[in-house]
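Shared chain: chain A. Partners: chain B in the first complex, chain C in the second.
Then we have the complex of A and B:
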């Protein structure tokens, strides 16, 4: 597996070199949502969304496995509902990709109408579709790749050229490990990832372009405008604060979480049928059908609640299991109170990190599928004292349009009217650091650091005559190391014997122009200028699937004999 | 938790100091730090440990880096930063100079972050006046007091907004604590008011 990911990486590098010699190909923008996806491209003067053969711009993200020929939501003309009921349709892959089976998000996916099996030991979950009464196993990467191939074919047919380069939008809360899984899926689909953009930053770019265009129009001074972007889709909720002036958008802060429409849906399903978990545990053909029926009906009810105050649900799940209920909007909001509270806290955190106060925000942009829910709109607006929300973007198309603009900018396309004279200065969505001071996570690059970035921090040994140090690299926000995303680990050996606290172990983290993370470690002894052992440089992430195991195994093997502490001096 | 190791990535200086604010006299030069080589792209390793470019740039003051006078206003700082970002950011720099410009961008970013924050700018100006030229990123340190103070300042400002939000959600909760029937009656009353 490690070899495979290396192949992918070097593959993209050679492609990058090819590009410079050839005529620049405009990269397309793809937004693969948890439930819906879309493709857009810069057509020379503006962004255009591509349509499938059924004239749809927004397609469902799912893949149906049938008789060895899987087909996705882009091309298939099949009745999705029917496939859903049969257990042959796999979806919500964006929630599952790059997660291990101890992850709560994976556990909450177990009541999807296909097989998500966990062993709870930190390996990748087993995912399978029911085809002709047989469980056919698959992986999130494979499902995404099948889907991406369909998107590619669709785009190639319309643009009449081969598609190679893409800009993809990703959730803010994705770890770098998850990003490698997305890249893997793209590579499987024959696509080269030019950029992976956090979703709200794609919206920020679109907003920056609009601001620049309007300042051109009224000969404005191009003064700085601050916008808060709240993006809530089916799988993830992301917030960004951007400051834009003269085409330069600076991402001041990002915040994200794995909450979204799927949680609203699950909460409602649980509310309608509290015993559903146990009822459907066996995952038989009948149970899958019932699960799918409940799901479809609940989803439909939630959609209708966006425009109606109450909805009637009449559902026959078979075996005498019937649901006849009137659900009103208040009930829906109460059942999902926690989700909405989390949304609020994400906005607060993001503003706080950006050091921006409510009054400083010029525009509040709410996008994503959940932006149609009145409660979501109201809660965001009320946090900004009832400010009117920005209406210059289509909530479902904003991210993919931003990705298409980035695709054109990153492909080096020039626009005679200056519409692509844009720059987005990105920030790190999560802190990156190592385990030290016991089991603590010590960030070396804090979250919301402008990229590219290079930071370093000095650590030292915690035992006398300690000659080896284990560097375990994590990404995340949690204080306890193991609650963060593991990116990789390596050992520094050959530290000269010395009392504890004497050797200086300098850990440097570097995110380069291509968003590649490298961890460099050097050891210096007092009185010497030169590193005592060669500097180690490791490109991260190095972990593979099943990384839940790794740290436990390391702990068993090494105990704390190779631990590090931060350097501190008490005054 | 206080840490007083301040490192200077990419250059050869490091300072040990008790706190950046209180006793600057105890700052001592410690010339034994490391310089990690920069590199860009896949396998093209540059083993340049002593990078003259960085050393040269780190001699510039933050004001010089941004190309503004020391009396420059916040607006000037912002404008200078955006202008330099357009030049040095790797997304827009010429392919053959990405590596050099990326380094420069990180420095410009550092200068901007310091000078656009009134507290940090005042500290930086103070250090400059005392002749201590804290080169590129000399302020950085794990759990440094400055960051904590800064946080508390923001905390204070946020406290007011938070309490407001809490109050609001409290009020909302009270509404929700009404019995089901009472709420329905409220709603009916409201809708009949509207009509």
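Then we have the complex of A and C:
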């Protein structure tokens, strides 16, 4: 151990933490939501949410650009509404981070009251804020980093120590590429990511802790409990099934989608003003103001519909454009029917993947901002035969509290009462595989595989005397390769000439304990037990921004000459 | 010998990560030196490495790697002591030292049944596995040992992966059956072509039924039918294994494999 004194962090790696320090620093938990963010920390006996100078525990996730000094929702004292109307405020970055401009989610963000411009060729979208009548460009990473810095400053002031290690919660549907973007934003803010937790698994950890505490109190045997966690925020909807016993939570299945409060809001805005897209297309100062006004009023109406049966909307968007309408709850639910159907299907899929029946679920936990919407609560409860929802967690704080607990556990903190005697065994949220059999996505590690995981699958050539094979690695659930998230690609060369179907191309995927994905490819000829060429090991993701181009370029360049097929199973 | 028999998983050529194993460890460490090297051709196989795959891919492992060697290892008891505090184990299996709580390097003589403290039988109480599995993970999971040395973290990764594989393998009847035979030194080639015309006809018929099934009712009917069949052949296997009739055990595994595949196909359609 003594020799290795100089190490070079891998290119795709952030700098390793200093493991030798005698007093472990407790990592803080951060929930950076699409619309709101919060920070929590284990204070030695329990989780505590940190407050900003305005005594808020939950802050808005936005950044206002002004005269060269951007300020975020954590510290900003200014009226958000005013900045919003001027186009200087950027938000919803969690929906845009790591996405290319052909992504439908990016397109649906074009009517936000700032500039989201697409060229529709698979590059990063252009994002800009209007400052002093000038478009100032920015990136999702930069915006996230700005309020991460503010969160960090706030936490350092309160905890009176420097903060470096963090546990962040992320949506289930984030690809590994998107995770690298989150890590990038953290690095820009001087933070080291100790762990990225899918949001519902943070809630699962909190639930596991509560179950363990209550079994201690009752001196119970701590029998296994199965919980379904439904987490719907502004940007994403996630579901998890967890089985917990004795402080150990096994994530049985995860399901997630990019739907959330933002979609409800967009649908309502479209309902109130169907021609808004064309009206606001030019993104002038006036249009931005109208868009923002419509947005604020609609958001407010949706919030009020959680407690009222109907709301009156009176809105003057300027230029004689007026909206005077009464919206009732039924209308709201009808306009958003598709979103709610999608929520249901996520729950069904998650239960099926977990091989758990509705009757087996002990607790149903509904969290996230959308959990205040009556329809959301009702639809989940009705799927569990009207079961009463778990009320042991605060819907807005559950994820960040779970992240704080994980921060303490992952920092190696001991609790004399055993409150940190916890473990979450994670599962892969998305399948990882390669393109093969034409343009199909062939998973090598299926989704919901317990991590760490290692699987391999044998492929073979599809042309006679094919000496090269292109390995294109994707992550996702879609059948067609290009509809999944691209993680990277590389070529295997030097395959011995042989009739098609003879060389064995073995693709092995390995996710280690630190959630690092490695793809290994070896070539074996029948009759030999040794690989014929050196095995290739590639750490993924390798793609950078603008990767939408790459696969098309590859296709143009190579056609199908370097394709692979799976080795067919017999009947 | 069918060509398929030659397929091998990559993990037979290389082992992840590369544990820097101390020289006094009860197995050869010469092949693994540095964490970024792949030890190419040597076959340093530990049993779980082979078995860490879907049963559907077990055929990949038939490339002449002797499983019997595994069994021979288990017959000769190695004198084990904790690598850290040199205490002798108080109880088997020795994955964690009871005195200093250090995680031990994976010992290939410990099989999946040992981990769960079970006799090598087909009929086991599956419901008891989860609790034991979680207890092990609480002691072994890599997430919990970040403050320990790199060596021990590697042991944790290795042991934890082994327990995950053990749990996965023993939970499912089919993989449990295949594993049992493997411990007896018998390889099951799941891809073996069906020679029994009766079985072949039956498979074609069921496949057709799944394809034609128009609604979830029909599919559910097929599913429950398949469950019955798997159960039946699972009993046949249990008896055959008990009486050490390995030929019959193998053919019942083949049957179970087919019915499970139909189940998967039907469930996918549902």
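One rule holds for everything that comes next: the second predicted complex is superposed on the first by the 548 of 571 C-alpha atoms of A that agree within 3 Å, B and C clash if a C-alpha of one lies under 4 Å from a C-alpha of the other, contacts with A are read in each partner's own complex, and residues count from 1 in each chain.
In this text, a contact is a pair of C-beta atoms (placed from the backbone, for glycine too) under 8 Å apart; a residue touches a chain by one contact, two chains touch by 3 or more.
All values derive from a computational prediction rather than experimental measurement.
Student: Will chain C clash with chain B on chain A after the two structures are superposed, or do they fit?
Tutor: Overlaying the two structures gives a clash between chain B and chain C.
Student: Go through the superposed model and pick first if A:541 touches only chain B, second if only chain C, both, or neither.
Tutor: Neither chain B nor chain C is touched by A:541.
Student: Once the structures are superposed on A, label A:455 by its partner contacts, choosing first (chain B), second (chain C), both or neither.
Tutor: Both partners, chain B and chain C.
Student: Is A:358 in contact with chain B, with chain C, with both, or with neither (first, second, both, neither)?
Tutor: first
Student: First (chain B), second (chain C), both or neither: which does A:566 touch?
Tutor: The first partner, chain B, only.
Student: Have a look at where A:344 lands relative to chain B and chain C in the superposition and call it first, second, both or neither.
Tutor: After superposing on A, A:344 lies in contact with chain B but is clear of chain C.
Student: Quick check on the superposed pair: does A:407 touch chain B, chain C, both, or neither? Answer first, second, both or neither.
Tutor: A:407 sits against neither chain B nor chain C.
Student: Mind working out whether A:29 is in touch with chain B, chain C, both or neither, as first, second, both or neither?
Tutor: Neither partner.
Student: Would you tell me the residues on chain A in contact with chain B in one complex that are also in contact with chain C in the other?
Tutor: On chain A, the overlap between the chain B and chain C contacts is residues 224, 245-248, 250, 409-410, 423-425, 450, 452, 454-458, 504, 506, 508, 510, 512-514, 520, 522, 524, 526-527, 529, 531, 535, 537, 567, 569-571.
Student: Can you check the complex and tell me which residues of chain B touch chain A?
Tutor: 1-5, 7, 9-10, 16, 18-19, 31-34, 36-43, 78-79, 82, 85-86, 89-92, 95, 98, 102, 105-106, 109, 113, 140, 142-143, 154, 157-158, 161-162, 165, 168-169, 176, 183
Student: Help me check something: in the complex, which residues belonging to chain A touch chain B?
Tutor: 9-10, 13, 16, 20, 224, 245-248, 250, 330, 334, 341, 344, 348, 352, 355, 357-358, 382-383, 409-410, 423-425, 442, 450, 452-458, 504, 506, 508, 510, 512-514, 520, 522, 524, 526-529, 531, 535, 537, 566-571
Student: Considering only the defined contacts, which chain C positions touch chain A in the complex?
Tutor: 3-4, 6-11, 13-14, 16-17, 38, 40-41, 43, 52-54, 56-57, 60, 63-64, 130-131, 134-135, 137-138, 141-144, 146-147, 149-150, 153, 156-157, 160-161, 164, 168, 191, 193-194, 200, 203-204, 207
Student: Per the contact definition, I'd like the list of chain A residues that touch chain C in the complex.
Tutor: 1, 19, 24, 224, 243, 245-248, 250, 409-412, 421, 423-425, 450, 452, 454-458, 504, 506-508, 510, 512-514, 518, 520-522, 524, 526-527, 529-531, 534-535, 537, 567, 569-571
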